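Look for chain A in each of the two complexes below; its partner is chain B in the first and chain C in the second.
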Partner chain A sequence: MDNHAILKAGAPAVLAIALAAVLPASYASNLLNWIAIAALIAASLRMVLLFGELNFGTAAFVSIGAYTAGLLTTRFELPFLAAILAAGVMAALVSILFGYVTLRIKGPYFKLIGFAFAEVVRLCCTQIDWLGGNSGMVGIFPPAGLDAWYGTFVMTVVVLMLVGLYAVERSDFGKVLTAIRDNDAVVRTVGIDVHRAKVICFAIACFAAGIAGSLQAFANTVISPGDFGVLLSIMALAYLKVGGEESIFGPVAGAALLILLGSVALSFGAGEHVFYGAAIVLSVLIMPKGIVGMVDGLLRRPGGPAASTPAIREARGQ
Partner chain B sequence: MQTALQIIATGLQIGAIYVLFSLGLTLTFGIMRIVNFAHGQFFTLSALVVAVVMPYLATAGLPLPAAFAGSAAAGVAASLLLGLVTYEWGFKRLQRDFVGSFILSLGLILLLEGLYLDVFGGAVRSVPPIIDGTVSVFGASLTSQRLLLCFVAVVLTGLLYAALAMTPVGKALRAASIDHEAAMLQGIPYQRIARHGFMIATLLAAVAGALIAPVSVVTTTLGSDYLIKGFIAVIVGGLGSIPGAIIGSLFIALVESVGGYFFDPSRASIAIFALVMVVLLVRPQGLMGHG
Partner chain C sequence: MTDTTALLRTEALTRRFGGLLAVSNLDMDIRPNEILGLIGPNGAGKSTTFNLISGFHKPTAGRLFIGGRDVTGRSPEQISRLGLVRTFQHGSLMRGMTVRDNLLVGAVGALPQARGEPRRARVAETAKRLRLTAYLDERAGNLPHGLQRLVSIGIAVATGPRVLCLDEPLTGLNQSEVAGILDLFRSIRDEDGSSILLVEHNMKAVMQVCDRIVVLHHGQKLASGTPAEIGRDEAVISAYLGKRHDSH
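Right after this comes the complex of A and B.
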């Protein structure tokens, strides 16, 4: 990536980490944690969308990450960083198995199977006793020394992951993924193994989801199967859709806006779901490219070249 | 033998509702190539309206069957109105956009479920039974209420089948679901046909909702449980296939009743989801689907 891109992405990233560092432990810092974790989950969803699939199994991979981190910390007393890394690796391993089998299927079926997979994982968690059954796990604490700095840690990890995902997207491999979305037959004709590329991308995305899950487990210190229902995937989709799916800033903008507005909506009582639902419906109907897309459109001079497919914009150097 | 019959009878009762549900889902998919996850909300609305209006009518002095008929009409009308609004303002613009319509319907679920909770409250409601008593069929006992439900489901399915086979609208619906562009070239008004299809699907869900109100506890999340099962039935049977939806529904209902009897219900759910994954892997187009 060129210097301009680094500057464009670097400034907000440093700002976000600084904000997390100066914010004292309070409701506001919790809110910031949630935004960061939600943004990472939404970015994971977006990563899979690069090759044109919607991963409704996201909730399953987040829960695999959370449970791995929880289990390793409470049962096996593994060091904190190792537990987080293991959570990502575990999610990625499961996703390779799952993706290898399911990504061969084209059409609407991958989405549906992801939905089913998320339900299976959630139901299994409620049935397995050493995972805590219905009530889940408690006492997943970050190390005592890190307590005051946990928010900063979360933000740093999320920013690093987002930068990593962005780097993958901008790499040659990322261009292969976009090409698969646009026309996989053409990609196959130049000798690229489409299925393998999809599985690798899926594993990277699920690694991020697993990391997000472990961060969430340490942030909340408790996890239960109920936290990882299909609703989690739907929320992640809402962040992505409201923020805009064409840019890496989309998931971040969407997560920040919806979670902040959601915390305001909490004071209205039980209106949270109405609020999220309305946000999704309105953004699908009014701004199909999300906040980032809309701002982008407003900034661009009217009458200029209309935004077309990402590949064409890439070629124009925009 | 007695137990086996009872399990099958239970399975068929559950299956009757799944059939009505999945027929609507498969119809909308076939014609508009969209998956409407908010389909369950039409069902819920109709059940909720029945649960609110029926006690009101009954205390006003109407006999129970009349009160039920009145409230069911109100419930179905409310659902149809909701269906028309969501079609005209939403799904109409997102036809053949699988991801867009999917996301829209997920948003609608959250929105409508929240609104229901606001309007109807979180209390669990129950509706007085319309007809009491049980009927014994080959030694398996069924409540008359549920038998009525099965009967209506069978009649509606039969009507739909006949309508699709014989009426001009039915033929147009089938043509549009096979190839909508070729259908348009033949002079079939696709937009109008799509609306018809969507409203027929809504009607099926609304009737199912009105029928389920007296036999189950009515909550604002009632539709979601049935939706997932109905949806799985459609996947197993094949998206867009009418016979597939029927077979899939009965299959899922039987697995559920057998699994629920020998194991516990949540194990049965796991089994169903695992089964769906297997079906999707081996035969992605479903049992009766093509292409």
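Right after this comes the complex of A and C.
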């Protein structure tokens, strides 16, 4: 990464953590937590989209993370950090099994299986007594000393995770993933195991989803199966579409806008969902490349990016 | 026979699609340091043969050997790791990525363990060889057709293949581009010591560059031999070459 890229990504990251640190515990600080966690979930979804698949199972992996953290904290009194790490690892392990079987399938079937898996996991949680059944788990508290700083902690973990995901995306492995989305047959012909690459990427994404789930469990201190319906995956997709898919900032921008709008919409009572839905439709219509795409376009010279550079013009002219 | 030294050998390779016998009892070998042309009219079974030897199709019957090793039924990835790399007729490249990243994918396939510098060096070297250095940061999909062909070949070349299988690499290229690519083929044979299997409709180029030619017709081998022998073969002329070759 060059200096410019570090500055471009580092400045907002530091600002976000600083904001989380100075904000006193309040509705606003809760909102900031939700935005950070939602951004991480959307970034997990985007990670799987790198190789071209839409993971509607995201909700399942968030819930696996949340339940793992909840169980380990309330029943086994595991240290806080260990529980968070275990949440990510558990989600990743399950995702390796799930991904190994399902990632051979492409297109609509993978989406449907992800959708079904999320429902199965949710239903299992409602049926299993030691997971709290329908009412879920209560009393998932972060350590008392951290209470005042929990928002800062969430933001720091989310920033670190996003940096990690970005590093994977920028690595040679990330390029291979993008190549799989673009033309997987070519990737196979050069001897790269496409299925293995997909499973690894899927596991990384689900690790992030599991971490997000554990952060959510500690933030709300209560979890129940209803929190992890398919709607969670769909909302993550909305954050991504509204924010912009092409950049790692997209999920962050989308989560921030939609969650802030959502908190405004709460005051509309029954009209909440209409308002919310309209906001999503409008932003996708007005900003087809999301917030980040639009800002990018405005910052560039009018006329947009040059489709033809001197080198190409020369090649055409010869 | 040269069986023991063949890089790639097929034994009675057969592929059936329902009632259609696309490739039937094909015996073929590719020897070290040669450019082998695979020609035949449309529907002769060239593409199926390509898919069979690269692992994208499983043969209905027959066997496939690479370097004397039976690899019948192996996956494309496994076959590629044994040194047989192919291109596709339509677009063997990632159009949404830069030329650099396209070549990088080939380099990653060739050097799975090496990180960083060796891969970058391979990309730079391949780009230089294909005269793509000026376009490394362009989006591949923005390039003119001829350069996109070069990128496709470049991805395969970056893997350092022992057998490079090219499916109609010259389609849509102008004469000077064709001449450049034929020079590249010769350098792959003479400097890298690799072999090339070439499926191509440009007969003039095939006759110029190939050491040997196999002619397919209705999924069967009609003839094989040097370009001069093929050019004289009555069966080939009546089935396929005919006027097309004479006109050049």
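One rule holds in what follows: the second predicted complex is superposed on the first by the 300 of 318 C-alpha atoms of A that agree within 3 Å, B and C clash if a C-alpha of one lies under 4 Å from a C-alpha of the other, contacts with A are read in each partner's own complex, and residues count from 1 in each chain.
Following the convention adopted for this analysis, contacts are C-beta pairs under 8 Å (C-beta built on N, C-alpha and C of every residue); 3 or more make two chains touch, one makes a residue touch a chain.
Because the structure is a prediction, the values reported are computed rather than measured.
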Contacts of A:Tyr276 with chain B and chain C, given as first, second, both or neither: first
Touching partner for A:Arg75 - first (chain B), second (chain C), both, neither: neither
Chain B versus chain C as contact partner of A:Val190, first or second or both or neither: second
Which of chain B and chain C A:Cys124 touches, first, second, both or neither: first
Partner with the higher number of touched chain A residues, chain C or chain B: B
Touching partner for A:Ala116 - first (chain B), second (chain C), both, neither: first
Partner chain(s) touched by A:Thr178 [first = chain B, second = chain C, both, neither]: second
Contacts of A:Val284 with chain B and chain C, given as first, second, both or neither: first
Which superposed partner A:Arg300 touches (first chain B, second chain C, both, neither): neither
On chain A, the residue positions that both chain B and chain C contact, one per complex: none
Touching residues (chain side chain B, partner chain A) in the complex: 35, 89-90, 93-94, 98-100, 102-104, 106-115, 117-118, 228, 231-232, 235, 239, 266-267, 269-270, 273-274, 276-277, 280-281, 284
Partner chain C, residues of chain A touching it in the complex: 172, 175-176, 178-179, 181-183, 185-194, 307-309, 311-312, 314-316
Touching residues on chain C, where the partner in the complex is chain A: 54, 56, 75-77, 80-81, 85-88, 91-97, 101-102, 104-106, 108-110, 112, 115, 119, 134-135, 138, 142-144, 146-147, 152, 155-156, 158-159
Contacting residues of chain A [partner chain B, same complex]: 54, 101-102, 105, 107-109, 111-113, 116-117, 119-120, 123-124, 126-127, 234, 237-238, 241, 270-281, 284-285, 288
